[in-house]
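Handing you this structure, nothing more for now.
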């Protein structure tokens, strides 16, 4: 039972971590909480589900298309809702992000309707029992895929030119420009990557819960942001750690404390962390 | 009597020692200049004294009481006021209101009394306003009282910032490059103003690059270079100190290496 | 006066109080609360519960609501207001979600069914059951709120608050205890939201968690931004506009949120000072120093 | 090579540059000196594109830089070592150097340059994977200069490279600049350390409150008492004589 809950928590946590990466990267470079991250997650899931529903494409194409659609949406969002506001009081882009989030959510409601959509293809996942622990291969697949994307991102940031350039922009934009780095382009690239990861997370959750609906992004988005803060905002490994910790805490809390307050656990942890260690578990950029 | 005592003050940023074991004092009624080349750590010193930064080591005390760990607003109440190198006025207010903000801590009006002002509160407000207008007259901005602070010319903004700091009725007024960005006329006006303050017995600690101002005004000068005090004394000594000239112009013996 | 118009006017009045209270936080503490509906809800539930279970008369129930919401605001604000703007936004949002779940899960709040049969106010033997009477009550409270905030903003303390909004560090150097002011304004805002909640509960006479969720928090935020952050008159106009607008747009009901969201973004880009704001908050650019 | 014609610029209400004109020829070392607030750093910020010009023209090898953003200007071969070094503190020493070559198309050659620089400055090799913020001030300055060199600039601009450094480190930094000069690198140097700067430079300009008040060969300026006056601020003569 405990191990089962732990595994459930790890799965949800891995997905939170993927979204949290987007939050943390965007916060790192623009100092902006992109509240619409959850809606990008939802759009990624919808695009994959609708494409699969046509029966014309296979699963991997749909998955890639979902990520791509999310990435494009992220870039467009940055252009329309955030770039014109750069340099204004920090509350202004924050509120704009909330506006964008409401807009996208209601747009999805109009386009896709309010009802849950099941995931169009059935996977024949087996549950393997290892040492008495029932391990669903679906959870295994999600964990592996999420881990793979995280490793890719870490490698990208640490070892590629563009990865380093993004970090440079987050640290000091003027000096980054002196290096010949086009800050606008790096911001767009950050949105692209962060949104693609969120899109992937949305598709994974759509499969896991077998449901896609317009408001699906709201809570995972908010929890992922909590995860980003928990790990120290702007800190990429921190976001991963924070996401996993939150997922596990939530799952164990729901099992052993109260299932009615499941959604409150993430925020309670967030508030506690901010009170006692505002820089997050690993150090964030903000110190 | 020592008003401000700075003792072994240090601030490190990563591997960089911005301020490194600085000690000096300011006596009552004294005008002390804090000079040194760019990057010597002068403004960092000010930020440490006024509580905007926490020192890595060392202490600051005012009238023998340590200010360690006190937030900036408590330090202000103990009698520290300052201006900023890049002027920081309240742009959303008019000139008079800016100065009234400086009077804030001397007024101490309770929450409910402020909402339903009785005669006492109204009198306090009137007094504050009179005082603010006096200070504006002192710095030559009497005519500008109703202007938005944003609309003032650069030199006027500098003087407004000084008036606002004076409204705090400080024991020690710290000025961070008050002449920066001023033309020579405005600098002369500033000199006159500071002399007036000196005659009124206000204790001043001034960071400044304009040597005429420093040498003409200060009783004592403290010279910083890469975070350390390299010389301190009356202007007559400082102006002859080879270490000071070195700090500004570079070392004579450096030339051998080049 | 048609009953429908009366209904809108009463709701409008309640939202004016809510919007003004949120505007105090945004416009005068320079912080944003995304969980303001939680205080609205706490006020509504406390007022309803004290009347239903202890038979508190309206004024006492409303006072309990104000005090309890205020204390909740104080307890939340005390440790969190030293956080940066965006952290506070997320903390208040989390607080809103938690409070919503508490309403939903507690037995005494009636869970998802909520509380019904909340008595109409009686003050000095006068019944406020009829909408006309209730409108008078609401108007009285609105005027009281307006007078209070007007006095506050134009007082000695209002000047300190504006200084904090303009330049927090400099305000500190002026001897202004910025943390204390921020906590005080946050507490006051929470208390006023509690008053709005109490008025709401005794008017509608039935409450459930749905009215106090994230949606309401964001609606209040829209009102403030529309009218102009930091402007009291703006909050009034914003609240009225967003109470009446949905009714005008009834045939577009499905598009309502779409319009709100788009409006919020568009407004910030093209008219960040709001309809009535003076643009001090939104147009302030951070220097590139 | 670089020409400024009556350049005016400033911040907000404050006019800092009140019409500055000067030029740098290929292979030259030119220094701008002057007291604090004279507008030296502002000049470099304007040339590198970080600060928009209010009036005037900046030309570099025939290209008009006046409206170009900094990220374009550096691709034309104009690199700036900014005031206060501004290294990327949490990135490794090597990553800082690599970013210096970010805009270059010949990334393979850039990697060879990196090796070369690391051979030349063993410090940067020893500390290769250490966060750059852990270096001392002088070491950071050397890193900042090498980072700018990684862009293979045709003109290297340095903003107060000796600022806040201990004398031993100042010597080391100047040794590097001397070597660069001997290799034929064109340098535009802003300094408060006037003696060192004039010793290194071929020519110099003296700024005072946003205007050029003197120019001439470095040797002439070294002897000119007016330089010390301008440099130490108004009233120097009364003060130091």
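Lettered A, B, C and D in written order, each chain numbered from 1.
In this section, a contact is a pair of C-beta atoms (placed from the backbone, for glycine too) under 8 Å apart; a residue touches a chain by one contact, two chains touch by 3 or more.
A quick note: this is a predicted structure, and the numbers were derived from the prediction, not measured.
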item: Interface with more contacting C-beta pairs, comparing A-C to A-D; value: A-C
item: Chain located farthest away, centre of chain D as origin (C-alpha); value: C
item: Geometric centre distance via CA averages, chain C-chain A, whole Å; value: 31
item: Centroid distance [mean C-alpha coordinates] between chain D and chain C, Å; value: 54
item: Chain A and chain B: spacing of chain centres that average the CA atoms, whole Å; value: 48
item: Length of the line joining the C-alpha centres of chain A and chain D, rounded to whole Å; value: 43
item: Shared interface positions of chain D, touching two or more other chains; value: 89
item: Two or more partner chains touched - positions in chain A; value: 174
item: Multi-partner residues of chain C (each touching 2 or more other chains); value: 284, 287, 289
item: Interface residues, chain D side, partner chain B - complex; value: 13-14, 16, 35-37, 84, 89, 133-137, 139-140, 160, 162-167, 170-171, 174-175, 178, 192-197, 199-200, 209, 228, 231-236, 238-240
item: For the chain B and chain D complex, residues of the former touching the latter; value: 14-18, 37-41, 153-154, 157, 177, 180-181, 183-184, 187, 209-213, 215-216, 226-227, 235, 239, 245, 248-252, 254-255, 257-258
item: Partner chain A, residues of chain C touching it in the complex; value: 26, 30-32, 34, 79-80, 83-87, 89-91, 93-95, 97-98, 101-102, 104-105, 214, 218, 221, 225, 229, 254-258, 260-265, 268-269, 272, 281-286, 288
item: Of chain A, residues touching chain C in the complex; value: 27, 31-33, 80-81, 84-85, 87-96, 98-107, 109-110, 174, 218, 222, 225-226, 229, 258, 260-261, 263-264, 266-268, 270-271, 274-275, 278, 286
item: For the chain D and chain A complex, residues of the former touching the latter; value: 48-50, 69-71, 74-75, 79-80, 82, 86, 88-91, 95, 98-100, 102-104, 107, 147, 151
